[in-house]
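These are the structures in question, set out in turn.
Both complexes shown next keep chain A, but they swap its partner, so chain B is in the first and chain C is in the second.
What follows is the complex of A and B.
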């Protein structure tokens, strides 16, 4: 598996780097969607997979980033790129504020609370709070991407924008895996009492995971708003959160697993479009089968990221 | 200051109508191997939970180096140098032995939250230093060959050792062991005794609960015997063995079973 991964990552990056030049418009759009949803699913993986928090409101943070970009661009005339810092910080702050009072809740209770947050968020958007969210229709007619005076109107530039965001996300997750906060999240997910008893302030790291996950989802939101030049409430409904949640569970809490999950959920339905309604019927069963046969996900999370000097020749297993 | 003493005064813990620990007082002095024994359900583990912050006792005080630690959270207590193991082993089952021991380095690591997002040279150095400490513990506990093995797949005796190694990685002043010999065979128990003596020789005070009477008599310097949450005797192992109250409550009842 390790060897395969070493080989597969560069291939994946190269393929993704040249991909848009080989696709027509429609498939470019599908590829951008794949990239955006991959970032959101990875941000969900930080909260659900790495930290074990049953969060079913990830579309909230995704939408908050998208709306931050849309409002700043539409109402205040900021360029898309200039909205990025706030599109990360605002969802991250909300993630921290919302998580603060609820992270002590046990799995299923937390899940219900996050669903509640998501529903409230969509209601707020639809009721046009403060007169800036555009109500049920949302906000449309956003500027296209521009950077240092260059207009990047083409779909290919949006693709590379999304691709850079994905690479950035993967880089952050890589840093997280080999750091004290990242390990603390694994420990508290495995056994909270043991983690506390070894000196980990579990509350801090749970809130941290929400903040980080929300920030990354917010950044994905910016890309989403750029792709469609528009945002509307129904894209951030609770059902979207369910999809992200199931991608992490079905894929398994690993980068390849999450990417496979996103591919299966968002790209395969496009490929089998002619089967129309039947595709979801089949995907529903595929999900059920995957969970029964591979309860820890299609590509389960692997732990054991330890420095090489600790691994002696006569090592057992691993 | 700097007297590594743990003093419990009239600690009382109730669960509804049941008084699990009843006005218990004892004093663990620096460098001791201190034992707490008592029949099943005597409240031994509850006492440990009250010391390590998992429970908060209703009354009494828990003084550690002259500071009141009753009501502090478990991680705050670990930060003050008190680390425990569990009677039912609580390891991070899917993770490797080395990673489990690394969890003990958590409070010693100087990394802050942003190091989870952006790497810095300081973080890299800190990671390396802590992994080297893990290597020391692996050597000390003769676990090097299992460094990369997931703990869940190890035999019980080794898991016990990993749990003690994890606690020792914190570099504690007071190590609390909850029935460390439970489920171990004679050979493993002997190894455990050696380990406990070696830990004491490093200057760590050890407080342990034990069921295995032979082991307690051999390893401890001083004992408190509790029954129904109350202290019924204390003293050196020799004194306790001769105490009629102890013989009746604990040793005596065992003899009865044997006859």
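What follows is the complex of A and C.
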């Protein structure tokens, strides 16, 4: 497996790097969508998969990043690139502020409260609070990408923008896995009481996971706003959060699993367009079947370098 | 004052529908510790099943007998769907990690919701006018016959359920299973039968709730299950999830709250206010109004 992964990652990166030059416009757009939703799903994985917080409101942070970019660009004339810092910081701050009072809630309650945040967010957008969100129609006509005076109008440059964001996300997740916060989150996910008793401040790391996940999702939102040069509330409805939630768990909260999940959920329907109306009907069955056959996901995540015979195979944590 | 009394009447009507649906959530959660996300879509499906029974089986008859037949047949059909749902999507995952069952429930919800769309089409359908349009005017406060029927029938069903759970041997088995499944099994209770039974009861109550939604709002869409289901689920949490009187109380309170928001503030903000209420209550009382303060199982 390790050898396969050593080989598979460079191949994946090279294929993804040359991919847009082999695709026509429509498939380039599909590929960009894949990259964006992969980043959001991975950011959800940090909160749900790595830290074990039942978060079903990830579309909120994604949407908040997209709206930050859209409002700054449309109302204040910032260039897209210049909005990136705020599109990361604002969702991350909201992630921390919203998570603060609720992370102590037991799993299912947390789930419902995060659904609530998502629904309140969409309703705020639709009711055009503060007069800057554009109401139900959203905001459209954003500028295209430009960097150091170069206009990057083409779809290919949006693709590479999305690809760089995905690479950054993978880099963050890779570093997280081997870092102190990553280990703390893993222990707290496995057994909160045990984690506390060895001196891990679980509250801090729970909130940290929300902040980090929200910031990355916000960055993905910037790419999303760039791709469509528009944002509207229905793209960040709570059903989207349900999809990200399911992708992480069906995938098994590992990077390959999540990427497979995003591919199945967002790319396959483009290939089988004649089955478009059957899409969610089939996905529903697939979700049930996947969970029955592989309750830990199709590609379960492993942690650290613990030899297999030392891992007790029970249904702990999640 | 008129607005107040009018919204009180509306709120009690909506609240009793929420309560009926919330009972399905709370009973399943009580025994299985699982949010049955498919329940809202079962409720939506029952409105469509009722519609089809009316047009296809009963030939659009609107006698009292026909109305009773629609309620009974729909309840039976949904009870069967409920048993199938439990067998297919939940039973194989009883021993699996909690989140796997949640994903399975979400999958079941997508299947039912889109099953409705594939069978009955994506457009809004109009539910038949089974109850004559009779209104009473009490000095500015208008109450319709449908509202009275919904309120009375819901209360009867809820009292019956309460007595069944509290006073019968089977009810004791349900309560025992929800306290501790393993201990219940050791006492000779067939937990599988209890779970099948709560799916039968929950789905039939949900079916009644779904038909009420059809009768009261008239327009039914394939994806309305998410919204009503979410509200009912919030009602169950407000009352203390797993607690049967709690679901009834939570439903009524949520219905009243919604009606007063719609009456005094604005209906475009109803969802937001509902969730803010929920979040505040969970921060103050994390186990709901009637929920007992239990230590987390380790």
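As a convention for this text, the second predicted complex is superposed on the first by the 304 of 318 C-alpha atoms of A that agree within 3 Å, B and C clash if a C-alpha of one lies under 4 Å from a C-alpha of the other, contacts with A are read in each partner's own complex, and residues count from 1 in each chain.
Operating definition for what follows: a residue touches a chain if its C-beta (ideal position, glycine included) is under 8 Å from a C-beta of that chain, and two chains touch if they have at least 3 such contacts.
These figures come from a predicted structure and were not determined experimentally.
Judged by the touch definition given at the top, the superposed model places A:41 against neither chain B nor chain C. Of the two partner chains placed by superposition, only chain C is touched by A:54; chain B is not. Of the two partner chains placed around the shared chain by superposition, neither chain B nor chain C is touched by A:125. Of the two partner chains placed around the shared chain by superposition, chain B is the only one that A:198 touches, whereas chain C remains out of contact. In the overlay built on the shared chain, the residue A:277 is in contact with chain C alone; chain B does not reach it.
Once chain A of one complex is fitted onto chain A of the other, the partner contacts of A:105 are limited to chain C, with no touch recorded for chain B.
Contact with chain B, but none with chain C, is seen for A:182 once the two complexes are overlaid on the shared chain.
When the shared chain is aligned, chain C comes close enough to touch A:285, but chain B does not. In the superposition on chain A, the residues of chain A touched by chain B in one structure and by chain C in the other are 193, 315, 317-318. Within the complex formed with chain B, the residues of chain A that make contact are 172, 175-176, 178-184, 186-187, 190-191, 193-202, 204, 208, 212, 303-307, 309-312, 314-318. Every residue of chain B that touches chain A in the complex is listed here, in rising order: 52, 54, 73-75, 78-79, 83-84, 86, 90-96, 98-99, 102-104, 106-107, 109, 111, 113, 115-119, 123, 126-128, 131, 134-135, 138, 144-150, 153, 166-167, 170.
Considering their complex, residues 29, 33, 35, 88-89, 92-93, 95-104, 106-115, 117-118, 122, 226, 230, 233-234, 237, 241, 268-269, 271-272, 275-276, 278-279, 282-283, 286, 296, 298 of chain C touch chain A.
Partner chain C is touched in their complex by these residues of chain A: 54, 101-102, 104-109, 111-113, 115-117, 119-120, 123-124, 126-127, 193, 239, 242, 245-246, 249-250, 277-281, 283-288, 290-292, 295-296, 315, 317-318.
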